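The following pair of complexes shares a single chain, chain A, combined with chain B in the former and chain C in the latter.
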Partner chain A sequence: MKPSWMLRLCAAVGFAILLLPGVLVLIVSFSAGEFLTFPPPGLSFRWYAALLSNAQLMTALGTSAILAAIVATVSLLLGAPAAYAIARLEFRGRGVLAAMLAAPLLLPTLVLGLGLLLVLQPLGLAATWPGLVLGHCLVAIPFAVRIMTTAFAAVPKELEAAAWTLGATPFRAAVRITLPNAAPGAIAAAVLTFLVSFDETVISLFLVGPRLSTLPVEMFRYAERTADPLIAALAMTLIAFALLMVVLVERLIGFTRAIGRD
Partner chain B sequence: MKAATSMPAHPHLRLDRLKRHYAGAPAPAVASISLDLPRGALLALLGPSGCGKTTTLRMIAGLEIPDDGKILVGGRDVSRLPPHKRQMGVVFQSYALFPHMTAAGNAAFGLEMQGVARADRARRAQAALEMVGLGALAERKPRQLSGGQQQRVALARALAIEPQLLLLDEPLSALDAKLREGVRDEIRALQQRLGTTTVFVTHDQTEALAMADLVAVMNGGRIEQLAAPEEIFERPATRFVATFVGRAARLSGQLEPGGVLRCGGQALRSTATLPPGPAEAYLRPHRVRLLEAGAAPPPGHDNLLEARLTRRIYTGETIALETETAAGPVTAELQAGQDGPWRDLPTGAPLRLAFRAADLAVFPAP
Partner chain C sequence: MIGWLLAAPALAVLALAFVWPMAGLFRISLNRTTETGAMEAAVTTDSYARLVGDDFTRELVLNTLTLAASSAAIAVALALPIALLVRGASPRWRGLLALAAVAPLLVSGTARLVGWMAILGDQGMINALLTGMGISTGPLALINNWTGVRIGLVESLMPYAVLVLLAGLGRLDPKLEEAAATLGANRARTFLRVTLPLAAPALLAAWLLTLVLGISAFITPRLMGGGRVFVLATEIYDLALETVDWPGAAALAMLLLGGLLALMILRGVVAAFFPGNRAEKTP
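And then the complex of A and B:
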């Protein structure tokens, strides 16, 4: 069915409302002025240059990138076996396990962050790498499990049965046959969990310290103190990065397929 | 169940009262299956969908655990072994080729699992592909192959491990009709050349009769008849076999002592040794001899029915003449080129049908 002009109009208005702030930020990020004003007094790259020379933000960027890479790896290593169990094996409490693994998504991150702080502080893990990894994994693993469950379920069971009859143990069949055929899902899960960690703000706010801080937290603090277009330049950089990742996944495997929707 | 004749003392495959009842199902998928298969033979499990033939095959492969009964291969009980310890070559209905591997990779996978050295398994995988005529396409991925070629890769992969048994689950059903006959004959030739004991699941009677040394006709989780193809077709052991395999006219009546079937006022001779009572006789169309009205029956044809032509069905290779007799509708079948005298017969024309006593397969009425 061809969409009516009414539907097209509604969609256009919807997209405009969603994308307009981004366009404003994009324009402001190229401002030549001192303040976050619209329209900018002139255009320049000065705030992009200033961003590169801001040591505090660059350190936080490095921390966030490394943290996100670790979180993506851990989420995949822990999430894939759990997803395989949910997708393939029949055992008591499978539904409960699936629900438990999705639960962190339903809790407000504020509650999660506070809870984590209360648990990690006495253990001496607040404001440490392990603490941050743990906190981020808590929200990243559900995404990894969700995507990998769909990916494993999409691989025909018959392939594994064929591998068994050819002498593969169940473990080898899973690793050699099912896993490679779920690779698009694994790539998508890695990218998504990376972005979840990279963008995570609220939990981080509870778990960072003076010497270990992530980019979103530093951005938040910077924006509280200062109102210059540097923050817009940073925001644009991050949006561009996220878009690049999505395009990459789309090119490799198709994003909608990767997150398991048709 | 009618037992097959002259089985050796040590069959290669023995199924002993095999049973499988899926949880929640009203009836067992496999109620009780026992059979012996000599080394090198090809057994076809033939039956309608839901008769338990695929479940039986999956139990032999180890993909389904029997609730009861035993599976012996070469005298060894494998009933409780997981599939990866059974060394059975399985060709799945969907082929189940590994999409991320080449044809050669697929064919070598089983050897790799057996721990065969890389160079050796590459050579043996290539040999297996050449055996099915795909040596030149070894580096193709499954998606780059046609359905028929994928089927051959699946066969090569199953044979590469030099299996104890070759198990084929409806391997021809995904191929188009033209290809099917060729592949069918190739599989049979290859199986005979290698001498691999094979179990083949099919719902297609032509496939079963053309390929198998032994056919097990299955229904409702049981074997109705286990015998050579000719035996199954010419001497069906049960009503189910008579109706499922081939076509037959059904004549209902009363069986009298001496094998005489009273049927619509006619007395038909049969070789039945059943106790007298209500009975049904099945008559295959190719057994019916057509005669002109008033002509004398040829020698040996004890039964004679007056008939009227109701319909003529021309299919090219065979011509079926459907007639109405006092005993009920009966179809006679002629081979192409032999229907000359009957070609221009108008509907309603009188005819005579002759057949032997042995041509009637008689069973008690249900």
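And then the complex of A and C:
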């Protein structure tokens, strides 16, 4: 049945709500004014220039980029073997293992962050690199495992079986045959875990300190104090970056499949 | 056996980052806060008793539930037409429309809320339109209050609702709707008598998921509420980092977890009651 005009109209309202904030961020980020005024009193690049010369935000950007790269690497290295086991091997408790590896995503990040603060602070590990990496891996590893499980499951089992027949050990077959064939999924997992860490706000709020802070935390605190076009310029930069990543993942494995909950 | 070995490194990190902090959270919730505000090792339910007996806590629970339940309902209502449109679209459009609906999930929450500030603020888009058309003289307060929080929360919950609905509606046979149309039902009647009842389990599942997410939302109430909106999440944050009352924060977090656990069990019951919702894939 073709969708009725009524359905189209209702859906258009829904899409408008979802997409309007991004459009407004784009417009306001080029404002020449002092506040988040709409329509902007004039257009300029001044707030992008101001963003580039804001030392605090730029330092935080560097921290976040390095942190996200570390987190993506660690969660892929740890997540890939676990995902291979879940997708390929038959063993007792496979379902339990999959559920255990997904469990952290069930709990609010606020509670996870608070728990991490309470145990890391007494050890002097709050506001340190190891603390932040640990906190981010907590939410990144479940993502890496889920995406890699789908990627490994999509590689035909027969390829590996053929390698065994030709004399390869199971380890060699997994590394030389299945792993390269799951490469698009691995790249998608790396991109998504990078973004998960790069955008993670709530856990970080508990684990940062005056000398070590991430971009989302600094952005959140800035937006809490003042709403000016500088924060819109930063938001626009992040939205553009995320969209680029979304397109990349869509090309690789199909985005809705990668983040689908059911 | 080799399966568990392969997963051991990932499990070890999650034990360190998840099991240990959660155990620590529970342990600290049993500590005592002295009159000077310092924490004292103890095994007592003082913090829980303090919270349960407090009128402010009850107000927070009520605030949180009202906000989350209403925002989740609105989000599901807005997501349903999107999901129906995506389901009925040609394969070429289906992917693009679904992508547009769930892409906001990957955009930082704070960035999207900055957009809402530009829409809802005193000098924002809606107030500019209203004054420009002469409908209102002064700015309408759409931000730094519950209205702003609710709007922002609805938008952040919608992509999740779309995902759950797409999964649920995908198993709904379009032939049934076509049959209703063939038998003479108009579109409104087909929607109300065929589509909606069949979609009910998916709608309930979507509402329960967004309810859980709405109850634990922190960034939206904080930024859109302008410090004037108090929910459980903002209170836990304030207790932990502003007041530095760790036992209090931990106890409130444990109470929140208890509530969420009850809701998750309810979700499981609902899923078991409507097996059609997760039935084997139709070809």
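Here is the rule we go by: the second predicted complex is superposed on the first by the 248 of 262 C-alpha atoms of A that agree within 3 Å, B and C clash if a C-alpha of one lies under 4 Å from a C-alpha of the other, contacts with A are read in each partner's own complex, and residues count from 1 in each chain.
Here is the rule we use: contacts are C-beta pairs under 8 Å (C-beta built on N, C-alpha and C of every residue); 3 or more make two chains touch, one makes a residue touch a chain.
From a predicted model like this one, the values you see are computed outputs, not experimental measurements.
*Asks:* Give one word, clash or fit, describing how chain B and chain C relate on chain A after superposing.
*Replies:* fit
*Asks:* Counting only touches as set out at the top, which of chain B and chain C does A:T169 meet: first, second, both, neither?
*Replies:* A:T169: touches chain B, not chain C.
*Asks:* Between chain B (first) and chain C (second), which, if any, makes contact with A:F220: first, second, both or neither?
*Replies:* So A:F220 only meets chain C here.
*Asks:* Here's one for you: vertex at chain A, rays to chain B and chain C, all C-alpha centres; what's the angle to the nearest 10 degrees?
*Replies:* With chain A as the vertex, chain B and chain C sit 100 degrees apart.
*Asks:* Which chain makes contact with more of the residues of chain A, chain B or else chain C?
*Replies:* The partner that reaches more residues of chain A in the superposed model: C.
*Asks:* Just chain B (first), just chain C (second), both, or neither: which does A:I141 touch?
*Replies:* The answer is second: A:I141 touches chain C but not chain B.
*Asks:* Tell me which partner A:P184 touches in the superposition: chain B (first), chain C (second), both or neither.
*Replies:* Neither partner.
*Asks:* Once the shared chain is lined up, is A:L159 touching chain B (first), chain C (second), both, or neither of them?
*Replies:* first
*Asks:* Quote the smallest CA-to-CA distance from chain B to chain C in the superposed model, rounded to whole Å.
*Replies:* Checking C-alpha atoms only, chain B sits 16 Å from chain C at its nearest point.
*Asks:* For chain A, what residues appear in both contact lists, the one with chain B and the one with chain C?
*Replies:* Common interface on chain A, chain B vs chain C: nothing in common.
*Asks:* Hey, which residues of chain C end up touching chain A in the complex?
*Replies:* Contacts found on chain C: 1-4, 6-7, 9-11, 13-14, 16-18, 20-22, 24-25, 28, 78-79, 81-82, 84-85, 88-89, 95, 98-119, 121, 123-125, 128, 154-155, 158-160, 163-164, 166-167, 174, 177-178, 181, 187, 209, 216, 218-219, 222-223, 227, 233, 236-237, 240-241, 246, 249-250, 253, 256-257, 260, 264, 278.
*Asks:* Going by the contact rule at the top, pick out the chain A residues touching chain C in the complex.
*Replies:* 1-4, 6-8, 10-11, 13-15, 17-25, 27-28, 35-39, 74, 77-79, 81-82, 84-86, 89, 91, 93-94, 97, 100-101, 103-104, 106-112, 114-120, 134-135, 137-138, 141, 145, 192, 195, 199, 201-202, 205-206, 216, 219-220, 223-224, 227, 231-232, 234-236, 238-239, 242-243, 245-246, 250, 254-256, 259-262
*Asks:* Touching chain B in the complex: which residues of chain A?
*Replies:* It comes out as residues 156, 158-159, 161-170, 172-173, 176-177, 180-181.
*Asks:* Chain A touches which residues of chain B in the complex?
*Replies:* 61-63, 82-90, 92, 94, 96-100, 109-110, 113-114, 157-158, 161
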